[in-house]
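Two complexes are shown next, each including chain A; its partner changes from chain B in the first to chain C in the second.
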Partner chain A sequence: MAHATDRLIVFENVSKFYGDVLGVNRINLTIGPGVTSLVGPNGSGKTTLMNLMTGLIWPTKGYCRVLGLTAHDPERFFRVVGYCTQFDSFAKGLTGREFIYDSLRLYGLNAQEATVRTNESLERVNMMDAADRKVAAYSKGMRQRVRLAQSISHHPKVLVLDEPLNGLDPMARAESMALFSALGKEGLHVVISSHILHEVDRISDQVILLNSGYVVAEGQIHGVRDEVKEHPMQIMVRCSNPGLLAAKLFAQDHIVEAKIHDDRKGLLARTRDADRFYSLLHQIVLEGELEIDAVAPADDDVNSVYRYLIGSEGATV
Partner chain B sequence: MAVYKRNYKPYSGELTANWTRFLILPRYSLAKIFDSKLLVGFLVVCLIPFLVSATLIYLSGNPAVRTLLGMQGANFIGINNTFFYYLLRFQSSLAFLITAWIGPGLVSPDLTNNALPLYLCRPFSRTEYVLGKISVLFFLLSLITWIPDIFLFLLQAELEGNGWLIANLPIARAIVLGSLLWITVISLLALALSAWVKWRIAASGLMFAIFFVAAGFGEAFNAVLRTYWGHTINLVYVMNLIWADLFGVPMNISINRRMMDDPRTMTLPLGFAWLVLIGVCGVCLLLLNRRLQAKEVIR
Partner chain C sequence: MSAEGLAIPLQEKAAGYSWSLWQAQLLTILRLELKRNFFRLRGFWVYLLAFGPTIIIAAHALTSRGRCNLEQDTTILAGIFQVFYLRLGIFFGCMGIFTRLFRGEVIEKSLHYYFLAPVRREILVLGKFLAGVTAAILFFGAGVALSFIFMYGHIGQAGRQFVFNGPGLGHLGYYLLATALACIGYGALFLLMGIVFRNPIIPAVVILGWESIDNVLPALLKKFSIIFYLEPLCPVEVPVEGIGALFTVVADPVPVYIAIPGLLCISGLLLYYAARKIRSMEISYGTD
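And now, the complex of A and B:
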């Protein structure tokens, strides 16, 4: 009997360590059909998550299932998964056509079927004209497209694309995004990774933000944007009367938390609106009710990550 | 790009047998090798010992032709286990040169280009990958070792007749087993070096060093300590020892040394020689296992 999870990609409490180095930690995710974007800076764990999804590595803890399958059953598992890697992953000396044809033969397709599907996938990515040129002579965008072609050539149900828009010119980018979107609408699980959220948000049904191996936000694009916007910022204040400051802060609706330091010479405040917080602090100082020794954002790193992810100017938040 | 409007149908047809898929890998490697005129030329040169041996066997089996050519000695040349033993020893040197030439270029380009994830995100294991790569060397080296030697063996059996074939079957066994053993050792070593040393020339150089520099160290060790255990790191010596046993010929030891009762004239125990070869193959497999990982980046 088919379970509901047989139509999903499921990560259950998944951790992956490379020796002492953390890849991803305690990931709980459910990815349904449609386009899902993994967004995060370099080293955030996107590729690790994709490698787990494609059965290339095993979780140190927890389990990961793709449509109810794991790579323990390689024949069935790899038939439903297509992977487009991030790097120039080409065996030396091959033409684009040979590259795709070979990959299909590795899937176990006979020569005739492999030829038909090679042509079909090359056509899908508009690479028929360049199919018989050596991959080494391709531009970066063409390499990206031929990689994409090989990942869809065997008609997978789950398509995992690591930074698929890197190096594409605007036209090829638009075409690729249209293709991803269409494949998502056809019921495929299309998982795309990217550095920048706005790059993929127009086609994403679901967005997963990653940082330092953790999922920091997930859901539909609008929800994630709101979550990011409302992410409280921590500010540390060293002052003469933290109790008084805390009392004044709690009267503000943007203050989430204020915690007085053990030495009672400062506090840590969490606010959803840093500008209003600094204005208030300025006003209190002017009124002469307390003396400020130091003010510093306590989680600048996290905020910079968010700013980086949301990143683009003019992006709608 | 309107192609996505096509109906999306996963492949549900018949699949090729699992065990045949590793044969996809050598196709382009071999095509590339046979594209190189230099390499093809060298392969032809490697067949010269075969042609010379075929001529000798023919002459040996035809006294009339020898008479015509003015070669009228009573004992022309004995086509026996010693003949095939020395022939294989010579061919194995050529096989080594080919391996040092081709082997280092088999795995390192895939690692440099991060191509492994692409191979391994298919129903295709690392073992099959290694099998695919090593089969390139097995094919080429077989062409210049045991395949022509077996042909020569059959030629001799045909010329000699009178039950020579049956009486000398152990020679055929020694040819095949000895060749495959040598091919396995040098191929695994070449693949392991190719996986760890990115620069092809350096990998080839290292291969020579493992065989010849280590042999030199072994000899120096024997000379200084007046022992024979230094042969352990002399893979050519170890291999010769096993071949000599397989062909049933004595190891060639210098008479001067023997007369001096030099401990270096003693050979390694045969079982130990086998252990050394198994150990070398094991280390190569471990090195390959460690290097050939599917993941392309760490985080």
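And now, the complex of A and C:
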């Protein structure tokens, strides 16, 4: 009988110690379909979590299952899981095409099937032109893309990507992000770790913030942001009369600050209660006292949440 | 990511995994390992170990035409086989080939590709072992066979008589059998060393020492060396002379019908232990 957890990635009380050194501790997570980002500073346990998920390392305590399977049963497990690791290394002397083709033959595919899937995955990462060159002659970005192609070549249901944007130029980065987003929408579980927070933020359905081996926060990014009460929410409003708006805002007890923009065509408000702020704004608009051009939250992205919870600038571009 | 046009979806293949899948995976691993690791320039020193004596014997054949003694050359060939091939050439060749199979991939940070494939780790051990054995037997078998051909080829009529109408071909068969068993035995041992030890050189030196003092070990301890099971297969006895003869402990030779299965059993046990170890192995390149 199928369990509900057979469609999820489940970590149950997972700890991993490297001798006396903590990798991750008491991790309890469930990850559903869609794009999930693992965010945290270096050494926070992102790669450890991914390696535990895929059986490259084993938990000291607890267990993790991916769609009801564990890496102890590799024949079933690795047909549904693809992992693009951070290790930028390859067996010597291979071309990009051979690298993918050889790995597909280990799935028991015959030569024709393996060739079809090799071409398909190479096309998906735009590497057909360079497919017959030696991997040793590839740029870092090309190596990254060919590893990505290899990890998706067997049509996994779960795709684990450790820093997949490293070394990619802006064009390739945008293409990769679009690919991850599309795979997430197709119903795959896509688990990504990345330092490029503002890009990951755009496609993530869920984020998991890690620090020093512990899960600091998890969930949809806006929900996580709402939970960070000690940092008032920042909301940017572009309007015809920011002075009037500021005056009305200061009459509210949940408003901490309102800063008028230098061009006097908008303001940045900080509020402890975003719902009441939006209700007030709605009321002001209905009263017809000012015209609103744009309203946007200024700090409910991964970068801000990361900064508030982990305490340093996490984003790099 | 559509699987249209493909005969059998991968997940369905998984449901029916079986001997045929394992066989296909074994053949793939064998092919990949032979392509990636063997018959390449970086294995030059293994070729040297395998064919070094052949070159020397060929030079001897060219320079000593008409001045040969069949009995003496037979003893020289037996000495080269027992002292060089069995104790040094095959030992070091297998050390280089088999410790590299796993430890080399850890150093090159490429082992995780196998660990992330839908292949049982036991099949991976067996596939890599078979690739190593294939290469080692090819190199050293060819080296021994060519040495034999050069050694008896230049003697003339007496040589041909010895090979085709005497015990010559039988000797060659035993030399090749001993070579194959040595590759299997040392191969299994060094494959395990490559999994268990981060630096297999030190245990390899200890094993070399142990195998080298086999002659002077008490009869009971002799049984724990690979060379003990190989020596009875050698068709010509090489006399131990000088100070070595003083310390040599004479033990009853193992009958061939025990030596061969005995060595294969030991190799099987070593591989079984290697397979057990590999199941719990983790990828931690940073610490290796």
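Note that the second predicted complex is superposed on the first by the 224 of 317 C-alpha atoms of A that agree within 3 Å, B and C clash if a C-alpha of one lies under 4 Å from a C-alpha of the other, contacts with A are read in each partner's own complex, and residues count from 1 in each chain.
The working rule: contacts are C-beta pairs under 8 Å (C-beta built on N, C-alpha and C of every residue); 3 or more make two chains touch, one makes a residue touch a chain.
What you are looking at is a predicted structure, and each value in this text was computed from that prediction instead of being measured.
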Superposition on chain A - do chain B and chain C clash or fit: clash
Which superposed partner A:106 touches (first chain B, second chain C, both, neither): both
Touched partner set for A:23, first chain B, second chain C, both or neither: first
Partner chain in contact with A:116 - chain B first, chain C second, else both or neither: second
Partner touching more residues of chain A, whether chain B or chain C: B
Which superposed partner A:37 touches (first chain B, second chain C, both, neither): neither
Which of chain B and chain C A:204 touches, first, second, both or neither: neither
Partner chain(s) touched by A:125 [first = chain B, second = chain C, both, neither]: first
Touched partner set for A:54, first chain B, second chain C, both or neither: both
First (chain B), second (chain C), both or neither touched by A:79: both
Residues of chain A at both interfaces, chain B in one complex, chain C in the other: 18, 51, 54-57, 74-75, 77-81, 83, 85, 87, 89-94, 102-103, 105-110, 113, 117, 124, 154-155, 183, 186, 188
Residues of chain A touching chain C in the complex: 18, 51, 54-58, 74-83, 85, 87, 89-94, 102-103, 105-110, 113, 116-117, 124, 152, 154-155, 183, 186, 188
Chain A-facing residues of chain B, complex: 1, 3-6, 8-11, 13-16, 18, 21, 24, 27-28, 32, 109-110, 113-125, 294-299
Complex contact set, residues of chain C against chain A: 1, 3, 5-11, 13-14, 17, 21, 24-25, 28-29, 32, 35-36, 40, 105, 108-110, 112-121, 280, 282-285, 287
In the complex, chain A residues that touch chain B: 18, 21-23, 43-45, 47-48, 51, 54-57, 74-75, 77-81, 83, 85-94, 98, 102-103, 105-110, 113, 117, 120, 123-126, 150, 154-157, 175, 178-179, 182-183, 186-188, 213
